[in-house]
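Look at the two complexes coming up: chain A is in both, with chain B in one and chain C in the other.
For the complex of A and B:
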């Protein structure tokens, strides 16, 4: 691949996260470079989703430091991650079921809207202009994801694969510099997976978005990732290029069990 | 055939985002407004205004307020009647204690006071959800009614907290007849309903619905939960407060705290459940169903009884009326759990295709 991978933008150092007595993450360190596709893999319950929740501020680790663009990050709330241009999708689809596709994706741009509720009530001046301006951006996302035909459909009526795509659209609408994808291809058939891979690669390629990806499909992970980190029981057991990870003894043991 | 949007092409986003994108809807709304503003005052009798239309519009406004909170922002509330009481008593006090304050400003201040109280009782929503929140708002219901009875200052030292509202003077003209009061209520309700429609199609409304549908995802997107929920409480209470002020000034003329009881809160809640949660049309249809249907049955039942020569006493008629009313509520909820607004929407979708099935 000819793309240029930049400097480290997210550096996690010795992260530990506990829920009561349960150790979800223990002393994990890894970094993410600008413009790369960084995958996190591991068996079920390894702490992958917890890791993403730490990155975007839903969980607060008890120990460890997080550096975002070289600055140490203090305790933060989830909405602050959005302001720092980190967007994400969820393992279980977390769309707003009662709203149309268009409204869901429009919601992704909410941090960029400046008008207040009084202007909204009067539908006057800035509120109206903003609505039009952001609609244009949202239509670009809709074009990119090829979902023009369903823009007015309530998301609850869509099939699973399309819902996943809309959720990606909602994240993309925020024009994030970093995109966290939590199992974007779970439960999809081969065609849907291929589409999703294409979208992820295009996002990375065209917009230069850094992507942190959790995925169980090893074929996909090994194909599209620049670097892979492997977790097992909340510990890091491997980190490096896809080929290195594939041949790592610990990783093989975690996936296939001891004795192989 | 009549209701079809074929040929209505949208060439700009502005055209696609207007209030009523379908031409027939626009015509329908304008016709309805013309009838309400011009046709009804020409033909309706005094009884119609003071006993049917004015309370209907006021409860539509209150139901709209509750629908913003419960239907759009997903926060269940049982305190709507209490917020109406705050609006009524606040408007009364502003009118009483500030020399020469215009009545409309009093209504506005009544609404704003209710909004402030609404924010206060909305604070528990930051920690609790659903039925538990409903219980917290129930506290508002009892506390506010108790407060209004307990502190005589609020009702200008009248016995048991009864207030008699001041004259309605707008631009030096006193509104006395039911027709004039009706037009005042109608104007306020139309303006506020349009504002609500604008709110729910803007990013304010999207933030509310996002919090309602999936609050974790909403916060990850960058929606701050606390201001969003409290804004919903404030605006909802503002609507209820204005409705309360109108209820006191334009409908009854004299109210007591116990008039704003839990029963009334439930009535408003039933309106939005039957009409449609999360729909402005739903508030309208729900208020119509709950308020107008009993009146209609009152008129129809003796008529049919007379037609078949059945010797119904008036007591029997009122029992049967309650029976039929309850049965109709269940019937509509079973046919369409999402309310009358959804039925209306389905009808419109069918009409677009009619006479073809697809």
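For the complex of A and C:
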């Protein structure tokens, strides 16, 4: 499989993040290139999710610079990340349990909707045409993720693996250029993991979406990532191709303890 | 062969391509096919279908497809796959549909046997299967795929997107305008129109060659009996490789001109059924059964009022529903009650089942329980049975309206002649008989006797009204050691009529008593267990619960109580049984792809269990290897309890 990995689109330089006296991230630098699958791994509490939250503007690092498409990013809020075509999924599923799969995925289109609240409420003006257009996009996502059979099912009634898939669907509905996935395969069985891997690879391949992935399953990470960055206690201890990282002594020590 | 008179009525339309182009000429804008795409039903008219078939046929010819070539068709029911079927027939080729859920190794035999050079497949999954065995298929020259998803990096020159093929065909058609018409004109009713492989319950699958004339005759007979018109809808969701789907979704659709509707995916069939509301519906008994089970499970959860109403009106329906449908006389009071019930229970229920518009629903392939059958008829769904096999275009007997018996498969269909051989085997003759088994003159000769009758291999008899009753496979009918008749299928069917029993396998030939394996129905028993607060972890655990065994014991004892009144079968009461620790599965070769039990294979595989049943042991440990869908293997083990069931003394025949 040949795919074109482009230029650096996200560059994080010397990021440090503190919560009071707790140092969550210390002086971390790495970059993400266009169209690649970039994984962040590390033991529990290493700061992986914090890193993701820094990228999409939930946390604001005390030190360091973030460049997005070459421009330095100043203070940013999560909704601005969404407008800049960064979408994400969460470690704990964050869907609207009482709403159908279709409606949940539709919420992913919200930043693309131009008609205002009143138009929507009264169903006039741009609202109708817009809804049709967005529905089409949502149906494409449903088709892509093969979840036609649960289109109208309330999300709360679905098994965990499918909920994860719906969450990916909502992120995809935003047509992101960068997708942040926080442990998309946690708690899944082997078959569900295989499905999810296939979807991630397909998203990356067909839409050219850049993917930043946090995952604990080393098999998965080493299989599908283009590059891997390893964190431990808020510090970067490795960065590079999967094979390099696998043989990095610091990484082995962090995962297996000293003496191995 | 159809009679001369039939041909006059056909007006020269004696092959499927001619029928197709005739529809396109006479009613170009009528809907021919529908498919749900991105959540919305898309319709193709007859003229659009004809145009695509034309383009596909030209495209195929451009790739080198010639008269007499076989075209493998692998995938779910998709409009393009049906169109390809017609396209191959236009060129005088023979479509060979395969079961799409088979793994590559299983397909290999058919692909080799039919000397497949061309294949049309649905998607990447099927392409991968073919690529996996391609080195063993030297003849395979071209693979066309319908769904381009995931195919971007496949750049082998022998892979073609179906839209490319169509474009290629359209150019060819412009340059050779008369080509397709000439090819269609060359087609003869005696040509093989399709090759359907038998499921191979016994030995290797055989390719059954059916002519245009045979399938058209069978389709016409069916259309005539049920007075089917052009403005109907059918949901095409059963495997294309199965003779029933070919008869209903292809042959009858082309003869009568009704619309076929392809569901979005296998998982959405139920909701698609509701949306389409077909007028004509076919399903094997197990589908009707699972529909009923799901309704009953949901009724258990309904509020008190709804629950009471439902059961009250179901009792009314049981009393008079079927008679009203058959046009028999029913008292005014019952008629009123039924009318009321129709308003508040049966109508909404039919709607939920997606059967509001049904004119005729068919079931076949296995015996259907009388309760199940009565249920559907009593709520006003004209459910009927037919009988037939691949070799007879699934067309031997049909139940005519108003003459429905629960335990017979009906009268011989128009043009069909039936005889019962001395050993009880059903013999049939008619225009719908197979031309031959592909490259198997020996098998062809064996299956058709000197008088031109086909040996069905089923044991049965004609009752006093001329209705055919099927008992079992002729070769499965054996004798108990006391000489009484033992028809395992007959008993198994009685057991399977309970919603808790998914599958049963009876043993008893040349033995003193009958013993059986049971597979529980995970949905029904699981729900039953939850209701009683019985915790379980998966199938194996649930199957071993003493409460479940007790539940099944009651079922079996009911069957025994029923059997004791049956003069021929009274000795076949089930003495002992066990619940298998795993579900019988086609992936483990225990069932055929059409989900029939491979009796001998199961007997061989679980020999220790059979021995334990007959040795009187109280339990037996077993470990079995299972194959998962992705090809991995695992082991399932359990210590199975063996349960004795009460049997009833056989009443001595009155002198």
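Keep in mind that, in the parts below, the second predicted complex is superposed on the first by the 259 of 260 C-alpha atoms of A that agree within 3 Å, B and C clash if a C-alpha of one lies under 4 Å from a C-alpha of the other, contacts with A are read in each partner's own complex, and residues count from 1 in each chain.
As a working rule, a contact is a pair of C-beta atoms (placed from the backbone, for glycine too) under 8 Å apart; a residue touches a chain by one contact, two chains touch by 3 or more.
Bear in mind that the values here come from a model prediction, so they are computed numbers and not experimental data.
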**OP:** Considering only the touch criterion stated at the top, classify A:148 as touching first (chain B), second (chain C), both, or neither.
**Re:** second
Subject >> Superposition-derived comparison: chain B or chain C, residues of chain A touched >> reply: B
Original post:
So, A:206: does it touch chain B (first), chain C (second), both, or neither?
Top reply: second
Original post:
Should A:42 be classified as contacting the first partner (chain B), the second (chain C), both, or neither?
Top reply: neither
Original post:
In the superposed arrangement, which partner chain does A:234 touch: chain B (first), chain C (second), both, or neither?
Top reply: neither
Subject >> First, second, both or neither for A:136, with chain B first and chain C second >> reply: both
Original post:
Which holds for A:61: it touches chain B only (first), chain C only (second), both, or neither?
Top reply: neither
Original post:
After superposition on the shared chain, which partner residues are touched by A:79: those of chain B (first), chain C (second), both, or neither?
Top reply: first
Subject >> Which of chain B and chain C A:194 touches, first, second, both or neither >> reply: second
Subject >> Doubly contacted residues of chain A, that is, touched by chain B and again by chain C >> reply: 135-136, 139
Subject >> Of all residues in chain A, those that touch chain B in their complex >> reply: 56, 58, 77-79, 81-83, 87-88, 90, 94-99, 103, 106-108, 110-111, 113, 115, 117, 120-123, 127-128, 130-132, 135-136, 139, 170, 174
Original post:
In their complex, what parts of chain C are in touch with chain A?
Top reply: 38-40, 149-150, 152-153, 264-265, 267-268, 271, 628-630
Original post:
For chain B, which residues count as touching chain A in their complex?
Top reply: 13-14, 16-17, 19, 195-196, 198-199, 202-207, 209-210, 212-214, 216-225, 231, 235, 278
Original post:
Contact residues on chain A for chain C in the complex?
Top reply: 1-2, 135-136, 139-140, 142-144, 146, 148-149, 151-152, 191, 194, 202, 205-206
